[in-house]
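Letters A, B, C and D name the chains as they come in the text, with residue numbers starting at 1 for each one.
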Amino acid sequence: MMADMRWTWFHRLASPPYLYGLATRLTPWFAWPAALLILGGFYAGLALAPPDYQQGEGFRIIYVHVPTAWMSLMVYVTMGVAAGVGLIWRMKVAHAVAASCAPIGASFTVAALVTGSLWGKPMWGTWWVWDPRLTSELILLFLYLGFMGLRAGFDDTQRADRAGALLAIVGLVNVPIIHYSVIWWNSLHQAPSVLRFGKPTIPGAMLAPLLILLLGFTLFFAAVLLVRVRAEILQRERAARWIGEALGT
Amino acid sequence: MSVNLLEAENLQLWRGDRHVLKGVGFGLGKGECLQVTGTNGAGKTTLLRTLCGLMVPEEGRVLCEGRDIRADLPAFHSSLMYLGHEPPLKADLTARENLHYWIGVRRRLAAAGLDAALARVGAGAWCERLVRTLSAGQKRRVALAGLALMFAPLWLLDEPTTNLDAEGQQVVGALMAEQLARGGAIVVATHQQLPGTVRAARVLELAS
Amino acid sequence: MSITGLPAGVGSSLDAAPSLAYGAGPAPVLAAARLALSRDLTLAFRKRGQLLQPLAFFALITLLFPLAVSPELSRLRGIAPGVLWVAAMLASLLALEFLFRDDAHDGTLEQYALSGQSLTWLLFAKTVAHWLLTGLPLALMAPFAAMSLGVPASAVPGIVLIMVVGTIALSLIGAIGAALTLGMKRSGALLALLTLPLSLPVLIYGARATELAIAGNSYVAPLQLLAALLVLAVTLAPLAAASAVRISLE
Amino acid sequence: MSAFLDMGGYAAFIWPAYGVTVAVLVLNIIWAHGSLKRALETARRRSASAGDNS
């Protein structure tokens, strides 16, 4: 009985009309706090945080590079988990979530690459350095592109869902392997003069905007994801009767 | 009441926007033959593929002797023989080699058995020829030899008489009659008349 | 869940019916896998021309570098590990398209999926056959390519060993991509996009081990990492490929 | 103000970095809303035509 109770939320979420309604109601609850946090975080990062003693004002790129890099990875993990749920329990809405994640994650991966490169130019003197983080980020972009390319290759949504989901899971298993291989590879070829993004101990005044932005970006992802999931659900369920009722026609 | 060898309960399956299987249900006992008819695109092949577990219906289930086939697919598959409309043959292997590899993956095979099955379908004379040199009807006969070799209790046949001459059709009829006589069951998708003396216990018409 | 209660000669009760001359009993999974392997080898030797394609491709890529970079052996020796591995990766990628294509087309994969045998094992056998036909020849040809790039003969045994381990891993990882792109009309570029990022760790460890072997140093550490990848690929890749094939049959 | 915009000489790197990030954020909003709008329109058209038929 307890087990049944515990699983009802899971089954409710699996129902497209329920999730559609829930997504519609929840979106503003994520969108507005995200907007406030991101705007506040940018202001704090650009104006309030003190300049870094080593990198001067240049370090302020951290407030866009780290959140976008965090998004690129978090969205991939979300996509992989959703894909796994969809594949194992044959849950349509989970596939809709996974499919919605890919373009969001890919766009933030591009942003992380560009901001990383813009950070690298004043620090390293070149636009691109085969730094392990940037290299992993670039590989991640190819994983996203592969996922979207595979989905686009099928005419049939069901097959695209299932094949894409399998690829996302394989990718999820591979992401840590690739990441550590790249770190291992980089440790062999390290040029001594290069200033690297280390794990600096950041003072509180510098850290606070970063934490605000990480939370803001995560909420932003949730809001955009919910909107995209609604679109995906509508597309998948276009023959179902509840859609007409939900739209009031 | 005896348990049906194969039973389908309210199978619902969509392909994109197309509602292909709209609540298909039937029961099939031992020694019975079910004929599935319907126009092209009505979902005959989809139904057969769903029955053998390749496709998963959105709703409903397939039962074998009262148990859901999903509970143990490998065991269900080893008691089933599915013959699609294209015989699964390799052009660069001889007819005999094709049978050896195809059926050998499933069952232990003896050379004598292979020869007997090939003779049975009238392929004795040309079984050492590469399949690429055979006609469509001859390929179909090789596939029938595979049927003769697999003593699966359940046969799922998709248009088994395509490309066959009158004599070939008789062979199909004889094989099917034998299968029914020994207590096996057959689901056959065809819009032609059933070959030989075989009579369908039930006819299922799929509307498109 | 074998079907019970049928007269002798039917289904599982066939085992108890020696009167039938056909031989009896389901084939053990290893025998089935061996049969799938020998089938693919037989087929490949009937069409020998296709076997040479990846090898010719591999040799051709190796030829490009002296022409594009410099004929100086001292310079070529420096880039030899990279050249060998990039060429091996591309050659094995080229061969991947044929791994499942024909079998998907003529219904063989469907029969494998319905054989009652483990599809994972059958696909593993197919991948092994594929490696024997493409990866192993590549590994055996690598020393010649390496020596043409100024690599000393003393490094040859190491290079072959590293190449053997690496190409098996490449075939296994590639099998996932090949299975995922089944049922598509044009899959060449997509197959590369799916497979290459996943095989980057193999490239990293393989090239590093080769570099150490050429320099005459111990390459045990990267080879161990490569072997660890291989173990992981052997356990997981056939499972993933089998699910991908099932998805393509739906 | 101009000192703020100058960012200690790093303006050429900081502002494009923020610009790209804001662009990605805005594009994500536009794309998501665009796809939802298109899906809603298709669904409306379909349910309207289904209503006509019955």
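Everything that follows uses one rule, which is that a contact is a pair of C-beta atoms (placed from the backbone, for glycine too) under 8 Å apart; a residue touches a chain by one contact, two chains touch by 3 or more.
Note that the coordinates shown come from a computational prediction; the quantities given were computed from them, not determined experimentally.
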- line: Shared touch partners for chain B + chain D come out as A
Field: Pair exhibiting more inter-chain C-beta contacts, A-D or A-C
entry: A-D
- prompt: Rounded to the nearest whole Å, what is the centre-to-centre distance of chain A and chain D, using the mean of the C-alpha atoms as each centre?
  reply: 16
Query: Just how far, in Å, is the C-alpha centre of chain C from the one of chain A?
result: 33
Task: Go ahead and note the Å separation of the Cα centroids belonging to chain C and chain D.
output: 44
Message: Just the number, please: Cα centre separation of chain A and chain B in whole Å.
response: 48
- request: Find every residue in chain D that makes contact with two or more other chains and list them.
  value: none
Message: Can you pull out the residues of chain B that are in contact with at least two other chains?
response: 56
Residue numbers of chain C (touch at least two other chains): 250
Message: On the basis of the stated criterion, which chains touch which? Give every pair.
response: A-B, A-C, A-D, B-C
Field: List of chain C residues in touch with chain B within their complex
entry: 1-7, 9-12, 14, 20-27, 31-32, 35-36, 38-39, 42-43, 46-47, 102, 106-108, 110-118, 122, 246, 249-250
Task: Spell out the part of chain A that touches chain D in their complex, as residue ranges.
output: 38, 42, 46-47, 51, 56-58, 60-61, 64-65, 67-68, 103-104, 107-108, 110-111, 114-115, 118-119, 121-122, 220, 224, 227-228, 230-232, 234-235, 238, 243-244, 247, 249
Chain B residues within the chain C interface of the complex: 5, 30, 49, 52-56, 64-65, 67, 71-72, 74-80, 82, 84, 86-90, 92-93, 97, 100-102, 104-110, 112-113, 116-117, 149, 151-154, 182-184
Message: Under the definition above, what is the set of chain D residues touching chain A in their complex?
response: 4, 7-10, 13-14, 16-18, 20-21, 24-25, 27-29, 31-33, 35-36, 38-40, 42-44, 46-48, 50-51
- request: Mind listing the chain A positions that touch chain B in their complex?
  value: 90, 155-158, 238-239
